[in-house]
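Shared between the two complexes below is chain A, which pairs with chain B and chain C, respectively.
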Partner chain A sequence: MSVNQNTQTERRLIFLLLFIAVLVPLIFPIGWKTEVSPHAKMAYDMIDSKPEGSVAILSFDYEPSTMTELQPMATAIIEHAWSKGHKIIATALWPQGPQVADLAFKEMAAKFPDKVYGEDYVNLGYKPGGMVTIQAMGKSLKDVYPLDINGKKYDDLPIFKNIRALRDVTYAASLSSGVPGIKEWIMVAHDVHSVPVTGGTTAVSAPGFLPYINNQNQLYGLLGGLKAASEYEIMIGTVGPATVKMDAQSIAHLLILIFILVGNIKAWRIRHKPKQQAGTE
Partner chain B sequence: MAEFMQVFGIWLGAFFTFCIYSFLYKDNPFYKFGEQVFVGLSAGYWLIVIIYDTLIPNLFTKLIFDFNNNVILLIPAALGVMMLMRVIPKAQWVSRYPIAIIVGTTAAISMLRFLKSDLMHQVSATMINPFALPSLTEKIGSILLIIGTICGVYFFYFSKKQEGVYAVPSKIGIWFLMISFGASFGYTVMARISLLIGRLEFLLRDWLHIIN
Partner chain C sequence: MKKNIPLLFAFVVGIIVLASEFIPHRPFNSITETLQNWFMIISGFAILLGQISLVRVNVSKIRNRSRDWQFYLACLISFALMVIIGLLWGKQEARGILGQGAAITANLGSKPFDYLFDNVYIHLSATMFSLLAFFIASAAYRAFIIRSFESNLLMITGVIVILGRTSMGSMLTGWLPARLHFLHLPVLTDFIMQYPNSAAQRAIMISAALGILGSSLRIILGIERSYLGSDK
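Entry: the complex of A and B
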């Protein structure tokens, strides 16, 4: 068997083991506990500190491809906000954002049957433009969203009674899987209009946003990936979709660590083989 | 009929999931089929999104039903038409004007925002007195933040040859950069595993009904 064939076989074996490592805990959950990180706690505390009746913007800046990571965050934030008596305005800077928002609201409405559309929450739909759209919201929310996703007029929705522009909302949370997303909300909502901003991103883009959690409070905490979503679920005291999936995530990470270790030992042995052979000759 | 379409959609989703994952064994016609359907579908989807979610509500509807209050929209409409001139070889030059406007305005808007958020606020966030902070962890964290920022930026200073004592901050900067790359790699692994979890959850729950 050639070196190339060996590498191919090893690669396939790794994929197969990883597949099994993720599959088994999904069928037979272990129930491992997750520690709450300071960044997730910071996001939770910011929302938790706002009084009843606060109006928040929750921007769904993602699409179904990243729902595994971001949808649990959306449901957890909605559950937390509604349990505190906050009202939610859903916006979207991504075309399929309104649909994922709708799914999240439907799931949470089953838990909170008293919440009324138009009074406690509203889905304004998608607007193109990214940062420019948020800037326009800073001048007038009604000009950007004259109608909601169902075609209802802005003035006919009770949730907007005291909301004219971005500065009138208590806080903004963006769940984003790229550009436009949380960065645009930081740049305009916080840095121009001083609206506290929090949110969540996919794990792959989380490190890029950590510098914004600073003493300037550009970002109040950050939920990075599935783990942070499960942490949020722990803080609100619910066993949600993220918590259930964390077993599979943890097992897969453990397996990858073993792979890295084995790979390094193998690489070390290959590197030192010629030297040993040269020494014995 | 609706139920049939839902079941059909799930089976189609499962089929395409296997098509794409079959690449892990080796490149094959099923993978190529799945990939090309995805590319074609995405292009078609974006075209429809642009027409129905951008052009119709933001341009056509406003111009047709309330022309007098939206006369200004004729400018972006004209710029859009000028952009389409790219398809006519003799009139390609016309498309340079809308491109110039897009580049100019985007650069101006971004410069203002980035200057404030990514430069001013970030520099201010690094100007801290670590010894004034209450806990030991925060003090150490802040000192590392200052050292890491200065050494990391110094690594990209190329106007003087980095040798001898001048190379020390650069080497420290490399360590900080390597640690940050390691953290990014860890997060990337987590994201990719999450995607696999999502697909397997779909197969086990929606397709096979093994889990709830």
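Entry: the complex of A and C
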């Protein structure tokens, strides 16, 4: 038997234990505290430092599959931006981005009933083309988005009063779970138009974006996964979905560590079995 | 002719876009702007092409009674359902062929398209992605085995990062005195992510960028022709 052979029973046991480990903390939250990481703080500080009336682009470059990790970031950023008096232009480089943006705005609009669509926020919808779309936005936002998601004309939306192109927005934030996403926003919005860019991504994608957090400030911090979303919630002083789900994630990680330990013990026993048998003969 | 015209197009367009990066003035910038608009329009058509391809592939699988053909049928029915109700009543504030569908919206609480998206698609999609956790757990059990120096390094780093990315990481080493703060698990995790990880990522990114540069030049110069459907 190979050292890494995994029997069907073991696999089923692993799945069952993981299911319980995730389920129980979701039903009975523990309330463990999360420490704020420097990258999450950097993203928070960038948004926090912008004055009232700033206009930001929030790009929803993900789909429902990664909503668990990215939607809490979206709601936390919207909450933070609105509490600072910023206006938000939502765009999407992924086809289902506008729908997830709409859900995030609906959730936050309940907390901020004074926010008016068209004045404080707008959902421009999806455009195909990835980086080329951002490049075109650099020349004229109106040419790329003549209408919003509901068919309202660009010129009829008060939020665009002083916004003609990408360089007119104060900062951009991309929540992405792949390509196109943060990288494209950095390459065009920051590198060409000098617009500060921040963003959030799934935990598994986060390591790939860390080189952009550098002295040139290509990326102002990064929210990587659910933990970073919960850190952001801590910084804005709210208990949101990420904080609630972090207990489940922590327990699941602990269980995976136990699995690694058990796997090693099993491998060690299998490796030493022939020697023991040989010794006894 | 069939081969040379696309090659000529690729060459001219490639040279113009490349030149506009170095000469951001007329006529290069205006031509590039037009090309960008064309690209977005073509991308839109690519979505349509994808949908046609989806229908063709699935119909063929169903017609041939391929293995698990019922799933292909389910895919087609779901696709058709979303397209039809989207066309009939629209989504969000956008109206469809039958208008806003006030009666059905009042009944469901939202438009049929939005109702299905919010209550069915989101959950199915999130469930599919969540299954990854089970495979990661199973893979960790098999893969993180101490065998050699490299596998030890991988396992130790993996354990530190896993612990550091949870709430427990800070609790486990929170008691350490200030002079041993560098051993605090979240600090160690940040160090691993920021230095060894970023260094490796940069190397990969630079290599990939050089590769892209080479491939782009090959396409512009007509050496690489696989995008035409054949490498001959």
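FYI, the second predicted complex is superposed on the first by the 268 of 281 C-alpha atoms of A that agree within 3 Å, B and C clash if a C-alpha of one lies under 4 Å from a C-alpha of the other, contacts with A are read in each partner's own complex, and residues count from 1 in each chain.
By definition in this document, contacts are C-beta pairs under 8 Å (C-beta built on N, C-alpha and C of every residue); 3 or more make two chains touch, one makes a residue touch a chain.
Predicted model only: the values in this text are computed from it and were never measured.
Chemist: Identify whether chain B and chain C fit side by side or clash on chain A in the overlaid structures.
Modeler: After superposition on chain A, chain B vs chain C: clash.
Chemist: I'd like to know which partner A:37 touches here: chain B for first, chain C for second, both or neither.
Modeler: second
Chemist: Just chain B (first), just chain C (second), both, or neither: which does A:245 touch?
Modeler: After superposition on chain A, A:245 lies in contact with chain B alone.
Chemist: Check the residue A:95 against both partner chains and state whether it touches chain B (first), chain C (second), both, or neither.
Modeler: both
Chemist: According to the stated criteria, A:139 is in contact with first (chain B), second (chain C), both, or neither; which is it?
Modeler: second
Chemist: So in the superposed three-chain picture, is A:256 touching just chain B, just chain C, both, or none of them (first/second/both/neither)?
Modeler: both
Chemist: Among the partners chain B and chain C, which is in contact with a greater number of residues of chain A?
Modeler: Counted on chain A, the partner with more touching residues turns out to be C.
Chemist: Tell me which partner A:203 touches in the superposition: chain B (first), chain C (second), both or neither.
Modeler: In the superposition, A:203 touches chain B and chain C alike.
Chemist: Identify the partner contact of A:186: answer first if only chain B is touched, second if only chain C is, both if each is, neither if none is.
Modeler: First partner only.
Chemist: Would you sort A:216 into first (chain B), second (chain C), both or neither based on which partner it touches?
Modeler: A:216 contacts chain B only, not chain C.
Chemist: Based on the superposed arrangement, let me know which partner A:15 touches: chain B (first), chain C (second), both, or neither?
Modeler: Touch partners of A:15: chain B and chain C.
Chemist: Where on chain A do the contacts with chain B and the contacts with chain C coincide?
Modeler: Residues 15, 18-19, 22, 65, 67-68, 95, 128, 132, 135, 203, 206-207, 211, 225, 227, 249, 252-253, 256, which sit in both footprints.
Chemist: Show which residues of chain C lie in contact with chain A when the two form their complex.
Modeler: 33, 36-37, 39-40, 43-44, 46-47, 92-94, 114, 117-118, 121-122, 125-126, 128-130, 133-134, 136-138, 140-147, 155, 158-159, 162-163, 165-171, 186, 190, 193-194, 197-198, 201-202, 205
Chemist: Would you pull the chain B residues touching chain A in the complex into a rising list?
Modeler: For this pair, the touching residues of chain B are 24-25, 49, 53-54, 58, 109-110, 113-114, 116-117, 121-122, 124-125, 128, 180, 183-184, 187-198, 200-201, 204, 210-211.
Chemist: Which of the residues in chain A end up touching chain B in this complex?
Modeler: Per the touch definition, chain A meets chain B at residues 12, 15, 18-19, 22-23, 26-27, 65, 67-69, 95, 126, 128, 131-132, 135, 186-188, 191-192, 202-204, 206-207, 211-212, 214-216, 218, 224-227, 245, 248-249, 252-253, 256.
Chemist: Under the stated contact criterion, what part of chain A meets chain C in this complex?
Modeler: Residues of chain A touching chain C: 3-4, 6, 10-11, 14-15, 18-19, 22, 32-35, 37-39, 63-68, 95, 99, 102-103, 127-130, 132-133, 135-136, 139, 143-144, 149-151, 203, 206-208, 210-211, 225, 227, 246-247, 249-250, 252-257, 259-260, 262-264, 267-268.
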